[in-house]
Structure formats: C-alpha cells, structure tokens
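Per-chain numbering from 1; labels A, B, C, D, E and F assigned in written order.
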Amino acid sequence: MTNGSLPRLTRAIYPGSFDPPTNGHLDVIERAARCFGELIVAVIVNPQKRDPMFSLEEREAMLSECVGHLPNVRVEHFRGLLADYVKLRESDVIVKGLRVVSDFENEMSTALMNRALAQVDTFFLMSDQKYSFVSSSIVKEVFFLGGEVDSLVPEPVLRVMAAKRTTLHSARR
Amino acid sequence: MTNGSLPRLTRAIYPGSFDPPTNGHLDVIERAARCFGELIVAVIVNPQKRDPMFSLEEREAMLSECVGHLPNVRVEHFRGLLADYVKLRESDVIVKGLRVVSDFENEMSTALMNRALAQVDTFFLMSDQKYSFVSSSIVKEVFFLGGEVDSLVPEPVLRVMAAKRTTLHSARR
Amino acid sequence: MTNGSLPRLTRAIYPGSFDPPTNGHLDVIERAARCFGELIVAVIVNPQKRDPMFSLEEREAMLSECVGHLPNVRVEHFRGLLADYVKLRESDVIVKGLRVVSDFENEMSTALMNRALAQVDTFFLMSDQKYSFVSSSIVKEVFFLGGEVDSLVPEPVLRVMAAKRTTLHSARR
Amino acid sequence: MTNGSLPRLTRAIYPGSFDPPTNGHLDVIERAARCFGELIVAVIVNPQKRDPMFSLEEREAMLSECVGHLPNVRVEHFRGLLADYVKLRESDVIVKGLRVVSDFENEMSTALMNRALAQVDTFFLMSDQKYSFVSSSIVKEVFFLGGEVDSLVPEPVLRVMAAKRTTLHSARR
Amino acid sequence: MTNGSLPRLTRAIYPGSFDPPTNGHLDVIERAARCFGELIVAVIVNPQKRDPMFSLEEREAMLSECVGHLPNVRVEHFRGLLADYVKLRESDVIVKGLRVVSDFENEMSTALMNRALAQVDTFFLMSDQKYSFVSSSIVKEVFFLGGEVDSLVPEPVLRVMAAKRTTLHSARR
Amino acid sequence: MTNGSLPRLTRAIYPGSFDPPTNGHLDVIERAARCFGELIVAVIVNPQKRDPMFSLEEREAMLSECVGHLPNVRVEHFRGLLADYVKLRESDVIVKGLRVVSDFENEMSTALMNRALAQVDTFFLMSDQKYSFVSSSIVKEVFFLGGEVDSLVPEPVLRVMAAKRTTLHSARR
C-alpha cells in the first residue's frame, strides 16, 4: 500500500517455531487478531534446528485447533527467509510478542533486517504479564523434568503433550 | 471489538508531547498510517510539564501540516488520562515508537497500565535507524546551543523554529 | 554476624519514600516478612525531594495500618544516609523490590555503595507480576489526572487518597 | 510459613551447575550464609547438558571443601525440577547471584516460574564487583586456552584443575 | 584525517560536568591518556543546569591538580555544542567512561548525534570495577547526608569538599 | 607505556571470528584506523567452534583484500587466549564494535577479564547505524536461506560467497 491510498484491511504475519504453542503465543494471537484485518500464524520450518519436540504437522494441527474461534486467523508454514514469505503473501506487517526487555533486544536486529529486505514493519505487542515467563523452551524443560504444564499451554497442546508423556513412559519400560 | 466478530478498520492513537515533532515522529506516523485504518496523532496537554518550547496550538499546527499527505491521519489533543481518551475515541490500539532498547523499558509500564485501565493494547514500532538518536529534547538542546537542526525535524517545524530563533536573537539585543 | 557463629534471626530493612505505599510495596513487605526474622519498613526523610504528596506522618500511619497483620514488621523513618541507619539498627540486610529490569540497573549502584559504606548486602526480590507497572509516581499521575487507583494501592491508602481528592475538589471551587 | 506465625530460621537453596565452583559462587554463598538460617548449596544434575568438565562427585567434593568453614551450609544435589526439590526440602527461598544486569534478565523468567510452580521467592544478591566477570564458562575457557585461573576459583578447585591439566598434558603426548 | 594518510598523534576530548571530579573520572582519564596522543579534559558549561555544587573555576582547578602527573592531558572548558567544540579543537575522538550497562544506553544517542553533527567517533572505556558505583551525584548525595567520601574522590577534590563542609557547618550555626 | 612517559603511536587489536567479515566489521576497522597508530585485525582460531563457513585462510585473505586501502592496518590470526596474544604483540588497546546495547552486556565481562589478565583496556566503538543489524551469523542465515547479502558484506566477501553458492548448488544436483 502506498502512502495516501485508501486503507484496506491489513494483513499481518505472526511467525514462530511454536514448538509447542504456549498460552503466551495464543494471547498474542488473540490480541493481534483484534487489531489487524487478517492474521497468518506462520510456522517456521527451520532445517538447522534439529530435533523439534513436535513435528510440523503436529504444530500446525495444535495451532489450528487453538485459533478455531478466530475467523480472521489462519495457520500456515514456510521455508526459507521470512522476508521472502512476507513478500509472497503481500503482508503489511510482522507481529512479534514481547515478554521481557531482553526479548526486544533480540528481536530488534531481526526487525531491522526484515525492514531492509522486505520493506515490512514489525509491530511488537506485549503478552499478558501472567505469561511473561512462559516460553516454548520453559514448557519443554518443565515437561521433561516431570512437572505440570497445565497452566502454561492451551488445552489442545496439553492433550498432545499428555499423549507424548504416555508414549515416553511406555518406551522406558 | 469482541473476538469472533467481523474485523473493521482499526483506529489507532499515537500519543505524545511533540514539543516539537521530529523526523522520527513523522517516520512512525507514516509507518503506522500504512497499517491501521485510522490514526489519531494526539498531543498530550500536560499541565505538570512546565514551559514547553511550543504552545499547544503551534504543535497541532505543525503536526497537521506534516501529516497533510496522509488521508487517514488526523491531529487532536487531550487532557487527563490517556486511558480515558482512548475509551472516549473508542480506539483499538495505542502506537508508540521505539528508538533504542531503553525506550522500551520506559514504555512497558505505561503500556501495562493502559491495558489495565482501558483494555487497550500498545503496539510498538521501530523508527528508522537514521532517526534513532533524534528526540524532541535533543532537538531543543541542539537548537538552544546554536546548532543546526535541519536534518532532525520536518520542514514545517524547521520554519517555526527558524522564526523562534530570530525572535530569540532580537530579544537578546 | 561473623562467619562461623550460630545464626540468629536476620534483621532486614526495607527503605523507601512510600509516597504513597502501593500494592507492590505491600507485596514485597509480605514476601520479605516470611523470609527474614524481623523487617523494618523505613521511610526515607529526604529534604531534597520537595513537595511530597503525603506528609511523613501520613506515610508512616498508612504503612503501619497496612502491615498490622504482620507481627515481625515495624514501621520507622530515618534521616541522612541509609548506610548510617543500617549500622544504627544493626541490620543484616537491605531489601529492595524489583519490578522490571531497569529497576535493577538503578538499584545496582546504590547497593554497591551501601556495601562499601556499611558492609551490608542488598537482597532483591521481585514483586508480583500483576504489580509490575505499579509505582508511587504512576499512582500519583493517575490520581491527579482523575483516574481510579483502587487496584493500585492498599485500602488504608485508598481512604486517605479519597479524602485528599475531596479536599482538592473543595479547594478548586 | 504462613503470615502471622512466629518466624523460624529460614532455609534457603542456592542452586547451580558449579562446573566448576568459582570465587564468585563462594562469595555469594558466604553472603547468603550470613543472612539465612540454613543454606543448601544444590548441584543441578542436568542430563541434557552434555560433557560437564567435572563429575557430579567432583563438584560436590570441591563445594564441600569450599564451605567447610560455614556451619549452616551444606552441599546436596538434585535431579528434576528445582520447584519440586524446593518443596521436598521445605525451603523458604531460592538464592541467586547477580553479576551484571543481563544476569537478572535471564533469571527473571526462572524466578517467576518457580514462584508459580512452588510458591517460593527468589532473592537476588550481588557478588563482589571484583568477581563480576567470573563465571564457570569463562574459567573453563581460560583454562583450556592455557591461561592462569588462580584468581578466579577457590583453592580446592584450583587443586583439582591443576590435576586435570597434568592429565590432559599426559594424554596429549 | 582522511583514510590512507599517515597516522598522527590522536587528539581526544573527554567531556563532562565534573561536579565534582571523582575517582572514576580520574581512572578514565589515566587510561585514555595512555592510549591517545593528547587528551583534553573539557568541562561543559551548561547554563541550563542550575546550582552546581562547584564553580567552573573550582572544577577546572581541581581537575588540573588531579591530572598534573599526566603530561599529555590538559583541562579546558567549553560553552555550546560539544560537536562545535570538537571541530574547533580539531579533535579526532570523544572519550566516555562506562560504569554500567545503562550508562551505555544513555550515551548511545549522544554519540550518534555527535557523529552526525561533527563526523567524530566516541570511544567508550570502562572505568575500574571498584568505581562502578561512583558518580558525581552519588558523591554529592553522600556528602550532603553527612557521609565520608574519602574513597570516592581524588585528594585535591577531598580537600575542597572538606573546606565546603566547614563553611556549611559555620553557616548553620 | 607507563604514566608520564612520552606518548608513542598506539597499537590496537581488533579481534574477531570474521566468519565472514561484514560491512559492519569493515566500518569499525576504518573508524579505528583513523584513531590509533596501528591496527591489527586478528582472526581468532577457535578449535571449539566447529564448522566455520570459511577457512582461516579464506577469512584472512578476504580481510586483507578489504583493508588494502588502509596502510596502518594489517591482518593476523592467533590461537589461545586473547590476553596472551595482546601481551605478545605489546598492544595497548583492544577495539570492539558495538551495534546494540546487548552487545555491550556480552562484551563487558570479556573486557574486564582481559584487563585482569593482561592489563589492557578495551575501547568500544559504535558501528554505523545502517549496519546495526548486520552480524556474521545474520549474513550466514540470509545466505543459506537463499537471500541476497549484497548490502551486508564487502565486495571481496561477496565474491567468495557467490563462488560458495555455486559450489553448493552443484553439490545438490
């Protein structure tokens, strides 16, 4: 959209690994969905990150179930550069959640690079304070050390994780 | 807007003192105007901040001239709590520009308070790197110490400042 | 206490301006009271900070009412250097609340100075996330701009503030 | 301990990998031992961190020797979630050392999670400035690159490291 | 100096209010004097900062005495923009001391502005850790609250401060 | 150099992995070369970092070509501790580039350690804002995901990377 033209519904992309999606992610999705016309939750397929806990299919399925109540949100995945995917989807903005100050420090460089490569702006949004310590890696750490993650992930994710736990336990016997 | 309803054009508020507006402010306004349906640039009337360099009328006039090319942007002012003004205008989001990490630290508390008081989210947007050191107070400092501010403020602001400089010099004689 | 001697109940000092005490302050007091044998909430009398909203007497009275349910907590005030007051009270530790990262940056220098001057350590404690944006100055700002502070300060403080608002309104007529 | 009950001696846990213990760790231990009734130095057994430089037994032995002069300190280890171990030991607080601001950023999320999972508060304590650059990983880096670590680790650790160096050199021949 | 020409001795400027000079300032001066050919310690005359504790003459005299042992260091003062003074002195670099991370956040914008206005680079240098909490304002705060500043300022400054204390006490009688 | 002796040309070391050198690195080199008499760009040979994208020889060759126009700059490499190499080269200062605040947090500990081990100061210098998001790892990420790196690296590096891309594509067939 060029300056001065009539505004149309803004298309935003919310990229992430979502391994797994957390209550913090869902909170950001719901907030962003209220403010942008269309929101694409985009799972990054990163061949360099080995051994995700959840397959791409599992992550997309969990996310789709989590956002089922939000008509202007859809789930996709992409390979390669986010900047290229943003251009392909003719997206206007990238959305990122911030939990703590250091999140912003890490995201700043990426946001500047995406602006340089795809002329796209990143909008930063704070997740609810009660999720400020919830990240995918903390969820996995708690889970693997035997703790309860009920308050950290949405119900569809909880169900898949419970199934994985059963499988893990069976395997150990 | 409740979850699940059809999206309408989002109304965003960009609040600030704008004493004076800088190139950094204008950069954030142009970026936000591309992404939200309607953008209100709202000058804060703060009786506790004494001795602004520019009167409220000057600030509104300069801003209006600066955003004349952006049809979905308008300039207003408000007294009292931002949270109350946000409710009055039925605004969906607050927009804030970030230049450096410490900006975010300062804005986080305000954003959380506005969320608590008015259920409104703040979207943070980075201004162009080339404006990362430009703030209203730096502009005023350079100006009062006799330096050139041509590259720091938009043309309409430059004109008003040049007039003030002439007045200052005449007064000193 | 020298290394190697038998531990006795630790005496901690929680210093602050408390102008006014907030829910965040009370949260830190309750958490510290659980962990230290004795806790002195110490109001700093700072002649350089002009125009406090509440008099020293008001602040001590409000605090005393707020901590009435905590048998090992008492309220005092002091003039001069915190390091001198710490020595006078033979206190073992200073307690400070942290809400956000920038709080720590500001407190680090003070903590190092107090260690140098009085060989006393500062223990930092995080207040509840739901109070992470609540500070005395934000409370005063919201109050003076006509907003509700019910969720930001304890009930005894709310009562005194309500009385002040009535006085302010009468004075304006 | 519930609010209002008589205070008893506080039991604190100081968790860490201690691979190896540094002068900074020992400094934090000595400071915390002065302020809490009982201090448990707890070595985290983390099966996900591969290839520690020192075995669990070595780390516990070195720590025990380092804290021999502190009667209210004992060394243990634990597997699984810190939150579970805290509950098992009926500990009142977790102690963490801070050297620089970024330490606090990293520890904030963990502290909030432990509060959520085990209702336990984390007290942050600054190590002596002269140890502000000393971490286990810096000690290992200097050691493996052939530098002297005499001023970075306590004497018992130095002895074990010197022995390892001899072994390394023999192995290379 | 243009790229490719022969290097000459670098002239560096170390600007500051020095109200009063501290041990931290002197530490930075000594370190910078070792690395640059010529170092000008430049006292900022800032008419907007009211009520300095020490007059410009006192500050220059104390600094001159403090740097007497450093043949390539001289003390000056300037009015107006640092960028203009840098050009006047044909200085190659500005030197700034950093004590903590937040110092850098504050100095970044100023450094970028000076680069834009005077094509001059700012080199940041860490003061000794043992001075990391020492600033002019902390020195003044401790002094006015009756504390000892012996370990915080150089001997020539201490003498002037002691004289001021006597004057203050006489005045109070 | 001892205090009080005549200043000689300062020898600075700019250490890094340079895997690959970026426009940001070159910008820092050019700025430092203007301010120090002699500048050694020193490639760290780190056997613990596996799988560099470029061999040591490639990195030295690319750097040498990039700095060919700077007569007081030369390229070397070193193994082992930077502190030992600094002593070997009788270097006066270490130079490090800073892009964002978090860079400084990471570099602070290293700078303090090098001061402790080799009595050498680190001077921090900001790279141009337009390179603030450019790092070797971002360059590699963009490259491997198929993006253009023309604006991120100097021409000699671009040429080597283009050759590698051709090799990669051939290998995949």
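In this section, contacts are C-beta pairs under 8 Å (C-beta built on N, C-alpha and C of every residue); 3 or more make two chains touch, one makes a residue touch a chain.
Quick caveat: nothing in here was measured; it's all calculated off a predicted structure.
Chains making contact with chain B as well as with chain C: A, E.
Contacts with chain B and chain D are shared by A, C, E, F. Counting the residue numbers that touch the partner chain, chain A and chain F have less than half of them in common.
Over half of the residue-numbered contact pairs at B-E are shared with one candidate from E-F, B-F or B-C, namely B-C. Inter-chain spacing, taken between the CA centroids of chain A and chain B, is 30 Å. The distance from the centre of chain C to the centre of chain E, with each centre set as the mean of the Cα atoms, comes to 34 Å.
The distance from the centre of chain D to the centre of chain E, with each centre set as the mean of the Cα atoms, comes to 39 Å. Within chain A, contacts with two or more other chains are made by residues 100-102, 105, 108, 111-112, 129, 132. Annotation, chain-chain contacts: A-B, A-C, A-D, A-F, B-C, B-E, B-F, C-D, C-E, D-E, D-F, E-F (touch as defined at the top).
Those residues of chain B lying in contact with chain F across their complex are 100-102, 129-130, 132.
Of all residues in chain D, those touching chain A in their complex are 48, 80-81, 83-84, 102, 105-106, 108-113, 116-117. Within the complex, the chain D residues that touch chain F are 99-102, 132-133, 135, 138, 142, 144-148, 151. Interface residues of chain B, counted against chain A in their complex, comprise 1, 3-4, 6-7, 9-10, 30-31, 33-38, 69-72, 92-93, 98, 101, 104-105, 108, 111-112, 115, 121-126, 129.
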